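Two complexes are shown next, each including chain A; its partner changes from chain B in the first to chain C in the second.
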Partner chain A sequence: MNRTADVAALSIGGLEISLVQGGRPVPVVTGVNLSVNKKEVLGLVGESGSGKSLTSLAATRLLDPRVVRTTAGSVKLFGKELLTLPEAEMRRVRGKEIGIIFQDPMTSLDPAFTIGYQLNCGLRWHTDLTRAAARNRVLELLGLVGIGDPRRRVDQYPHQLSGGTRQRVMIAMAIACEPKVLIADEPTTALDATTQAQILELIASLATTMEMATVITTHDLGVVADVCDRVAVMYAGQIVECATTDELFYRPKHPYTERLLQSLPGVRAGRLQGIPGQPPRSGRFPQGCRFAPRCPYARPGCSADDPELTRVQTDHAARCLREAELELTGVGA
Partner chain B sequence: MSGVNGVTKHAGSAPLLTLRNVSRRFVTGRDFLGRVQQSVCAVDNVSIDVEPGTTLGIVGESGSGKSTLGRLALRMIESDAGEIDFSGEDLRRLSPKDLRQLRPQMTMIFQDPYSALNPRWTVGRSIAEPLRINGSSTREETHSAVVDMLARVGLDADAMHRRPAAFSGGQRQRIVIARALITRPRLVFCDEPVSALDVSTRAQVIGLLEDLQRDLGLTYLFVSHDLGIVESVSDRIAVMYLGSVVEIGNAETVAREFRHPYTASLVSAVPAPDPRAQRVRRRIVLSGDPPSPVDPPSGCTFHPRCPLAEPICAREKPPLLIDAAGHGVACHVTQGSTDLIGANLLARMTDAREPGISTTLPVRVPAPDSAPASASMP
Partner chain C sequence: MSGISGRGPVVALVGGATAGRGAKPANRFVQKAAPLLRMVARRVGIAVPLLVLVSFSVFAISSISTADPARAILGEGATPQSVAQLRHQLGLDQSFLHRYWDWLSGVAHGGLGNSWYGNIPVLTKISQGLPTTISLVLAAMILTAVVGIPLGLYAGMRRGGKVDTIANSLAAIGLAMPEFWVALVLILLLSVKLRVLPGTGALTLSGDPWQAARHLIIPVVAIALPQICALYRQTRASAAIVAQQDYVRTARAGGISEWSLLRTRVAKNALVAPVTLLGLQLGRMIGIAAVVESVYGLHGIGSIAVQAALTSDLPVVLGVVLVTAAVVMAANLLTDIATYYLAPKARNS
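Showing the complex of A and B:
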């Protein structure tokens, strides 16, 4: 997949994440392979419990090792292995080379400090900017993420800002040191529809102008339609389909992707179609294809054999035993 | 008591719920003597009708007063002015005792199914609680009502002995719905009922709400910030901005032939799950945040963010003028025009957009050309 660059900006291979609380580790994410190139935006889509956030947090080693641990696989930043890096060196990577935007701007900012102070902290830790230079950089960053009147805003506290502005501050923090990789974990879930559009457009344009490799996780496929170049769909701890955005939307090859698209308002006339049943609980995955119990196309064989993620085209892979025989409906059919 | 089990639909088209010029102000700051220094007009002079058996969708950003309006309509909070009529009863004048008798007919479904259920109570106890408060059923009646309700919302009867922690978000929302419907209400206020749920579960819960409406003849007041969802469930839609209804009409009309610039911006903010359509479509990304309701702008409250604003918009607040088809718009600019509708209005707004802060960054996917004709909605 690395056609534009020899080495992917971020590549995750064979990642397995397990719950380690009490007794034997229970794998909750298995066999995840992903790679993102410079200037590319990858959407990581899945329902709650699918492992999308765990995957993105594992890439930055932010998982709490007392609860969840990366038990196998590798995470490489321009070919450099991150999982075995000493913590002291990892701290130099986090925030400097990998920027992270968290889901909830309400709880990710410290209410006791001004946003200027919080932006300043990371900057001065990672760089040798002087106090004055750092302050100028903070003002510049606030302007860059579209916050009006940065001089006034910089001395305000998080509670004085709206949800959208707080998320902009989070973005400013993430890009402060001009990272090469940006990970946005459900950046718009906590926001209103109008603000959501603004924030997505901002992230996408920053990814282009700053030449970052970007991963956006979300549970809403509609969100990624226009900002992502490629989309990986996760279900029950596995990637079930991965393709370019157009391929995935117009020619889905996995029943779960098809059903997820049909769940969105505006895709088909009349009633919204949900997916019957519930996703399996983390770690208690069914035998064979993990989606089979909810799949309208499931055959007895589906619960017996474990499907592999197989390439069906260049830039399109799906994990379905019946992929070749199924005619799935995409968007706008 | 006028029919606790009143599933009977009103004949004709007498509205089940009527709000006339309802307002509510919240005090947000007092001086040291306790005098009001600062207040927020959360709901400002709002009039709506809801026909029995239909769904009125209320859409707006956070802080627009949509949830407050719903709470006022159920008299969960008191209104400052106006009239609220629920099936012929003037809700604002009812004594606490009469109001309590009417309560079972008006219930509520909350946004967050994780905090709406008591984690220490069994599901059965939570669902039966409204009947217990009502005090009109025997143990056996209550039990069979709970079993029946669980079946209606698609849960097994043995769910009643378990606690909320054993259920997923979607299942918990089903429990919350069961609790809201156990008293056989006529009006249900759904306050962002699916915002906290995953996309696939969301569609399930909406389908369930639609089935229950049909089977039980329910009337919904459906509040959400997502116009896509509101459009798919509603018969009529009211769009709120800073406490006022700026546009109201049939769901189809408001979503396709909208005439208010704010509705247009909401429509263009709905993510279309179609990459190609999304690329040719030009979004109106509103610059800035919604203004503070503490100090709302003069005239039309939307004018500072509106690309079409004219001098009059800053001076006078436009009235909500409703045409014969029941489509109401509060906008000086589009009221006088016959062609500023739907896609045309959107095209005009993107052309008139000032290069604000949010557009100074290079736009990732530039529109192929800038002819207004290319800006049609998908």
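Showing the complex of A and C:
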């Protein structure tokens, strides 16, 4: 079982996701390459509609095939291709090998069942624990995610819990079968600021102690700075920059990343700076560099050629034609 | 009355549970079930005045009717003296409220009075018709639920699929056909043309059960068909909404199979509205049973009620109405208990 040493826990290659509603499929995510190793936390950052959630959910094949479909690429779990796996085997991957935390804990828990029942579901499905052992495991899990008085909570329904506690329950469900990969899709977006920090801390500490490979999608760079080892920035269905967190924050190599950092409160004195213009609508991407229409450094050539995601350093890649000539500002500069 | 007195012990039980001995399993159960017990007690308490109100309405409507029951019983050629004598015998010469009070105190002592024809106790008459109607309506209810609910859940989960498309068309056709017409077509087709099932004819439940069942098939299908279609559509709509919820995706993310998902999560979440509809359908089915019983010549309380109404046999009409109203109320209570179980969020309101 030494395969974990050299093979990435989760690797996504050449991923293309298309909207299929009515007529021809329209690609909304193109050429995404990502890999996450054991014990590593990867942040997938982007605006709404940038394709970050689609990318993370494609790995679990939970997208509704009547609306969105993965049209090209591969998703490998320790070298095992998931996209062509029969559905029955894929079910053994979900929950068992890949745990998923969803964005909105208010709607992601079933209102008709106790949290104990919902936690128990995955255990019953994936393990051969006895009823009593599963119950103990559920109580243990609730304690693990920091829920006080598990014995009382276990028989409660989601509507009896606060938002933060519900998200803790979601986390407990995701880690119940000790998955090797954890995908958290905007885990803190629906929570208030103080709860956000606690939930992030919890995810990060679980990722370390359980040695999981973790992907967190978010639109909040603060989240990334707090817990991620590496960051991939997505814009208009592409990864535009990928680097270790420090690299990305201090030495951004893509104008979009720079603009994002500049729009963080507290980074610069004075008024907050936004990015002028609107991101392109899904599937209607401009020619050449997709950020060019909004880029302060754009040249006529930028809209002609498709930039590749090129390695600029070890563990730092950017998708910009002018990357070599630009001096971009990071935080603290 | 039994409802009001039944309230005492329930409240006492609840009080005992909240008094702090919640650690014992039995008490914990009572504590958990307390809102349910309170609801049941409240509903049973309301049922009694409600039944009084229903009977009063029927009494009032029949008393303002211009038809004179005594003349109807004796026939057109009766002398005024004999009519007056019968009116006195039946108590029709007394005031409306006096008569109603007499009837009500009779009910309080466990009797529904006697039929004005042949002096047969109303309870006996009803108990003669009840088995037929119960088998008819119960079988139709079960058929409706067994076909409508699973089909609706499946179609709703897979909207636009084969089952969904076919079932939708069939449901539209089924809803467009009135019950009495369906009944006649079924008789023509199955018993007159194909001769596979008996058409009309009295049903004897005491005889060969297979023969009795064969007699019931056509009327049960006639009653159930439109209800199946309505229940199917309601269930499908609810299941389609549930299938799109985030928590269904969460369950899938845990590795649940589609079959388990449908059977547990989708079913429990989607069944609140269909169960409520099914409760309402019971009342409607009892009403339709009266028509269908007449078409098939079955001797149920529906046909008894129709006959009693046509002959101004007030005690029988009142008895049937009272029994039917009680059954409908019981069905509503069962619906509420089911909702209590299905929708935990609605429990404390």
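To be clear about the criterion, the second predicted complex is superposed on the first by the 329 of 333 C-alpha atoms of A that agree within 3 Å, B and C clash if a C-alpha of one lies under 4 Å from a C-alpha of the other, contacts with A are read in each partner's own complex, and residues count from 1 in each chain.
We adopt the following convention: contacts are C-beta pairs under 8 Å (C-beta built on N, C-alpha and C of every residue); 3 or more make two chains touch, one makes a residue touch a chain.
In this text, all values refer to a predicted model and were calculated from it rather than measured experimentally.
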Check your understanding: Since both structures carry chain A, what do chain B and chain C do when superposed there: clash or fit?
Key -> fit
**Study point:** If touched residues of chain A are counted for chain B and for chain C, the larger one
**Key:** B
Practice item. Please work out whether A:Y235 is in contact with chain B alone, chain C alone, both, or neither, and reply first, second, both or neither. Key: neither
Study note, to complete from the structure: After superposition on A, vertex chain A (C-alpha centre) with arms to chain B and chain C, in degrees to the nearest 10, comes to 80
Practice item. Give one of first, second, both or neither to describe whether A:T107 is in contact with chain B, with chain C, with both, or with none. Key: second
Check your understanding: Is A:W125 in contact with chain B, with chain C, with both, or with neither (first, second, both, neither)?
Key -> second
Review point. Touching A:T245 in the superposition: chain B (first), chain C (second), both, neither?
Key: first
Check your understanding: Touch check for A:F285: first (chain B), second (chain C), both, or neither?
Key -> neither
Exercise for review: Could you tell me if A:R94 is touching chain B, chain C, both of them or neither one (first, second, both, neither)?
Suggested key: second
Point to revise | Distance of closest approach, chain C and chain B, by C-alpha atoms in Å | key: 9
Study note, to complete from the structure: Per the touch rule above, chain C residues touching chain A in the complex are 160, 245-247, 249-257, 265, 268-269, 342-345
Study note, to complete from the structure: Listed in rising order, the residues of chain B that touch chain A in the complex are 61-62, 168-171, 198-207, 210, 225-229, 231-232, 265-266, 268-279, 283, 285-286, 288-290, 357-358, 360-365
Point to revise | Sites on chain A touched by chain B in the complex | key: 47-48, 144, 146-148, 162-165, 192-198, 200-202, 204-209, 219-223, 225-227, 245-246, 249-250, 259-267, 271-276, 278-279, 331-332
Study note, to complete from the structure: As the complex stands, chain A meets chain C at residues 60, 62, 66, 91-96, 99-100, 102, 104, 107-114, 118, 121-122, 125-126, 157, 159, 170, 173-174, 176
